[in-house]
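For reference, the structure discussed in these notes is given below.
All chains are identified by letter, namely A, B, C and D, in their written order; residue positions are counted from 1 within each chain.
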Amino acid sequence: MKLYQGLYLIKESFKTLGRHKGIMFLSIVIMSLTLLVLAVFLLVTDNVLSALERTRQELSVYAYIEEGLTQNDIEQQYKKLLAMKEVESIVFISKAEAMTEFEEEFGEGSAILESLESNPLPASFRIALKDGYKEQSNIRLFAEQVTAVSGIENVDYGKEFLDRFSLMARVFLYVDMILGFIVVLSSVFIISNTVRLTILSRQKSIEILKLVGATNRFITTPFVLEGAFQGGLASLVSLALLALIYLVVVKMLPDIAFLDVQTSVLYVLTCIVLGSLGSFAALRRFLRL
Amino acid sequence: MKLYQGLYLIKESFKTLGRHKGIMFLSIVIMSLTLLVLAVFLLVTDNVLSALERTRQELSVYAYIEEGLTQNDIEQQYKKLLAMKEVESIVFISKAEAMTEFEEEFGEGSAILESLESNPLPASFRIALKDGYKEQSNIRLFAEQVTAVSGIENVDYGKEFLDRFSLMARVFLYVDMILGFIVVLSSVFIISNTVRLTILSRQKSIEILKLVGATNRFITTPFVLEGAFQGGLASLVSLALLALIYLVVVKMLPDIAFLDVQTSVLYVLTCIVLGSLGSFAALRRFLRL
Amino acid sequence: MEARHVIGMYHLSKRYEDRTVLTDVNLQVANGEFVFLVGPSGAGKSTLLRMIYMNESPTQGQVVVGSFVSSNMKRRQIPYLRRKIGVVFQDFKLLEDRDVFENVAIAMRVTGETNYEIKRRVMQVLTQVGLYHKRYDRPVKLSGGEQQRVAIARAVVNSPEILLADEPTGNLDPDVTAEILQLLFRINSSGTAVLMATHNHALVKNFGQRILHLRDGVIEEDRRVGPRRFSRERLDEISMTAGKSIWSDDGRADR
Amino acid sequence: MEARHVIGMYHLSKRYEDRTVLTDVNLQVANGEFVFLVGPSGAGKSTLLRMIYMNESPTQGQVVVGSFVSSNMKRRQIPYLRRKIGVVFQDFKLLEDRDVFENVAIAMRVTGETNYEIKRRVMQVLTQVGLYHKRYDRPVKLSGGEQQRVAIARAVVNSPEILLADEPTGNLDPDVTAEILQLLFRINSSGTAVLMATHNHALVKNFGQRILHLRDGVIEEDRRVGPRRFSRERLDEISMTAGKSIWSDDGRADR
C-alpha cells in the first residue's frame, strides 16, 4: 500500500466516525454497557478471589502442648517445628492467652466455660505455613508430622472449617467460571454483532467502493480501524463508569479494590482487538473474502 | 384506523421481519445475550436470597438451664417459654446431647474438652421462633425476656453469628442491588439502542412512507409490533439458554432452583414492553412526533 | 370550478443557509391545468415541487394547496395534504424492500383502501405503464426505466387532485415516453392538475399548453399557448400519431 | 493500437433465474472508439455494461476487457480491471456520506495517487462539469442534474482507458448536455473508448459514429456512420456550433 493511501485510510476512518455520529454513538453505548457488565463481573470476581486468598493466607495450624512440660521442653519443640520446611513462623500461646482467645472467638458461647474453676485449655503453638503448603492435602500431611513430635498432644488445623472453606471456594469458583463464560461470551457476541450492525448500514458505500476499483484492503482498513476505535473507546467508557460505581461502593465496603493497572490495560487491549476483529469478520461476509 | 389498514399493518410488521432477516437476526442475538446475562443475574440472586432466607429460618435461641434443677422445674420452664408469643416450638437438649452436638459442631476442636473428666456443658432448650420475630432486634428483646425466666442461667442466640450473618446478608443485598441496577439499566439501554440501530437502517423507507402520505401511526405501528416481537423472542431465547445452562449446573449444585413461572412470564412481558417502547422512542426522533 | 386555483405560490422564497434557491416566486395553477416546468440544471425546479408537497417550508411567502396553507399547517395535517398529491420523484424513491406491487399499492394503503380496490387499481395502473409482468420483482431487479415507471404508477394510482412529475421520462425511450405522456394527458383530461418538470424540450415544444421557465430560482417566463387542459379530442389526435412517432424530429434514432 | 479491441464479447448470454436478459451477444469495441448503445427500456443496456465492469458474470460466453478475460478472472483482480474503466452509473451511485470533492476523488484514492495530483485533477474535472462551486456539498444537497454531473466527473477523473456511460444526460438540460458531450468527445479523442447508453435520440442522430441497437437482449443492428473516434477537427466543429445550439431541432424549448 502506498504511503499516501495509508495516510488517507487512517484519516478516512476517523472522518467516518464523524460522518456516522448517530450510529457510532449508539454502537459505542451498546458496547460500553455490555463491557460495563463484564467489568463489574471482573471487579467482583477479583475482590472475592482476593478475599478467599486472604482467608487462606490466614490459615494456621494449632499444635496443643501436653500439660506439665518444662520451659526447656517447649523450646525444644519450638526449634524442631521451626526447622520443618513447611513452617513460615510460630507463635507460642500460653494457657492464659488461649482462654482469652477462646472467649473472643466464641463470644457469649464461652459462658459454658466460665463456670469451670480451673482453665481447661492447653498451651499451644500457632504455626503459619509457607506459601505453597496451604493446600488441604499439604496441611493434612503436615499435621500428621507435627503430631509425631513428642509432647504435642493434639493438632488442630480447623479441619471442618478448611473443608467448608474449600468447598465454598470451589462452589464459588465453579459458579464464577460459568458466569464468566456466559458474560465473556455474551460480550464478545454482542460487540461483534453490534459492529456488524453498524457495517450493515453502510453496505451501499462498500458496494460503491468496490465498483470504483477499491481493493478489499482499501475497504477493510478504515472499518478495522473504526472497530478498534469503537472497542477501545467503549472499554474506556466502561472503565470510567466502573470507576464511578467503585467510588460510590467503596464508601460502604472499604475493603474493595479496583482493577489493577495491568488488568485494565489488558482489558482495553482485548476490547480493541475484539472491535477490529469484529469489523473484519463482518466485512469478510460482504466482500466474500 | 380502518380495519383493512390495521390488518395490513400487522401483516406488514411480520413481513418486514422477513425482509430484514439479517438485521433482525443480529438484533435478536444482541438482545438475547444481553437478556441472558440479566436472566443469569436474576437466577443467581433468586437462589442466594432463598439460601439466606433458609439460613435465617434455621436460626434458633438456646436457653441454658442451671445445673441441678428438678425435672419438674424444667417442665415448668418449658411451659412458660412455650406460652411466649414469639415461640414456635421448643426442643429440650440434655447435658449428654449437648456434648454430642458440641463435638459435632466444633469437630476436632472439641479435643480440648475431651480431656475433662466431667461434662461441663449444661442442658438447654432450643427455641425456634415464629416468622416475623426473627429479626436481629426482635431476637435481642426475646433473649432478655428468656433470661428473666427463673432457672435459666444464660441465653445464647448466636449473637456473633447473627451479627455476622446479618452483615453478610446486608452486604450481599447491597452489592446485589448495585449489580442489579447496573445489569438492568444496561439491558434496557442495550435493547433500546439496538432497536434504534435497526430502525436507523430503515430511515429511507420511513422517509418515503411520509412522502406518500402515511400518518405517523401508520409508520410506527409495524415498528412497535416488530419491537415487541424482537423483545419477546429475545427473552424467550435467553430463557431457553438459561434453561440449558441450568440443566448443566444443577447436576453439580442440586440445590439450585430455576426461575418460577410467574417471574418468567413477567420477564417476557417486560421484554416485550421494552422492545416496543424502544421502537417507539427511536421513531419519535425520526418522525419528530 | 375551472377557475379555482389548486396551487398558489405567493412571494415565495427559499434559502438554504447562504444559498438562495427560489426568489419571490408567484404562481397559480388552476384546477385541471397542465403545466410544464423547464429550466437548466439546478434552477430550482425540484425545490419548487418540494414546496408544494411541503417537504420543505418556504423561507418567505407562502404556498396554498387546495385548502392547505403552508403558513398555518400543523405537522400532522401533512399526510392528508400528500394524499391529494401524486409525486413522481426525480430519484424515484422506491421502497427497496418491497416488490413492485407493494410499491405502487402503498399510496393506497395509507388511505385505508380495501384490499380488493387496491388490487384492482394497482393491476390496472401497472398494466398501463407496462410492468404488469414484473409486479413481484423488487426494484433492484428492474432497469432504470422500469423503476421510473413504477414511480409514475405510484403517483397516479390514487387518482390524485394534483400530479407533480419531476423529470418523469429521463430514463425512458421515446416509445415509452409517448405512452407515459398519454397516460398523464388522460389523467389531466379527467381533472387532475399536472405540473411536470422536464428537460425533454422536444416534448415541451410539441405539447406545451402552459410553459413555466425557471432560471436561478426566478420565474423568467410563464406562457400559455394551448388550452388549460388536454381535451378528449386533443388526446385522440395524439393517440393517432403516437403509433408512428409523436416527435417533431421523428424522435427515435433513424433506423 | 487502433485495431486492438479493448472490449470483446463472445456468444455472451445472461440469465437471471427464468429471465433471459442478454442472448448471444457478440461485440467488439476498438481502442478509442465511440459507440452509442440504444434500445427500449429493459432491453439490457445496463446489463451489458455491467458485464464489462464485471459486476455480473456471464451465464454463457465470455467478456474480454483489455487483458482481462471473464472466464478466468480471479476475484481479487477485479479492482485492477475497474480502475481502467470509468463508469457513469444510471443511478449515479454517489457516496452519500462524502462531499462532491471526495466522491470524485475516491476513484483516484483507490489507486494511491498523491494528494497533490488528486486535488489538481479533481478540481479540473469539477470545473469542466460546472460544479467547482459545489465541491464541499453532500450529494443530498444537489439537484438531480448536479448529481449526475458528479457521477460523470468521477468516471472521467482517472482518464480511464474505457468509459461506460449509462444514460449520462437523463437529468441534464440541453445546454449542459452539450457541454458534457463535448467532454466525452474530448476524452474519446485522446484515446479512451466510450460506450454510451442513451435514450436521447436527437443526440444519437447528430453524433452517432457507431450505433448499437439492443432489443430484448439481442443486438438488432450495429451500424457505423462516422469515423471511429472524434478527431480534433470534428471537436472544433462541434464546439463552434455548441455556442448556439447543437441540436438539429434547435434543441431548447423555443423561447
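Heads up, the rule we're going with is that contacts are C-beta pairs under 8 Å (C-beta built on N, C-alpha and C of every residue); 3 or more make two chains touch, one makes a residue touch a chain.
Computed from a predicted model, the values in this text were never measured in an experiment.
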{"item": "Those chains which touch chain D and also touch chain B", "value": "A, C"}
{"item": "Relative to chain C, chain with the most remote C-alpha centre", "value": "A"}
{"item": "Chain centre separation in whole Å, for chain D relative to chain A (CA means)", "value": "63"}
{"item": "Mean-CA-position distance for chain D and chain C (Å)", "value": "29"}
{"item": "Rounded Å distance between chain A and chain C, as computed from the means of their C-alpha atoms", "value": "68"}
{"item": "Gap in Å, rounded to a whole number, between the CA centres of chain B and chain A", "value": "24"}
{"item": "Residues of chain A whose C-beta touches two or more other chains", "value": "none"}
{"item": "Contacts with two or more other chains, residues of chain D listed in rising order", "value": "none"}
{"item": "Chain-level touch network, classified as line, ring, star, complete or other", "value": "ring"}
{"item": "Chain pairs that touch, as defined at the top of this document", "value": "A-B, A-D, B-C, C-D"}
{"item": "Of all residues in chain A, those that touch chain B in their complex", "value": "22-23, 26-27, 29-30, 33-34, 36-37, 40, 44, 64, 106-109, 111-113, 115-116, 120-122, 154, 156, 158-160, 171, 174-175, 178-179, 182-183, 185-186, 189-190, 193-194, 196-198, 200-201, 245, 248-249, 252-253"}
{"item": "Residue numbers on chain C that touch chain B, as the complex places them", "value": "53, 55, 75-76, 78-83, 87, 89, 93-98, 106-107, 109-115, 154"}
{"item": "Touching residues (chain side chain C, partner chain D) in the complex", "value": "16, 38-42, 45-47, 90-91, 141-146, 149, 166-167, 170-177, 199, 201-202, 204-205, 208, 211, 213, 221, 223, 248-249, 251-255"}
{"item": "Contact footprint of chain D on chain A as seen in their complex", "value": "1-2, 4-5, 8, 16, 19-20, 202, 204-205, 207-216, 218, 288"}
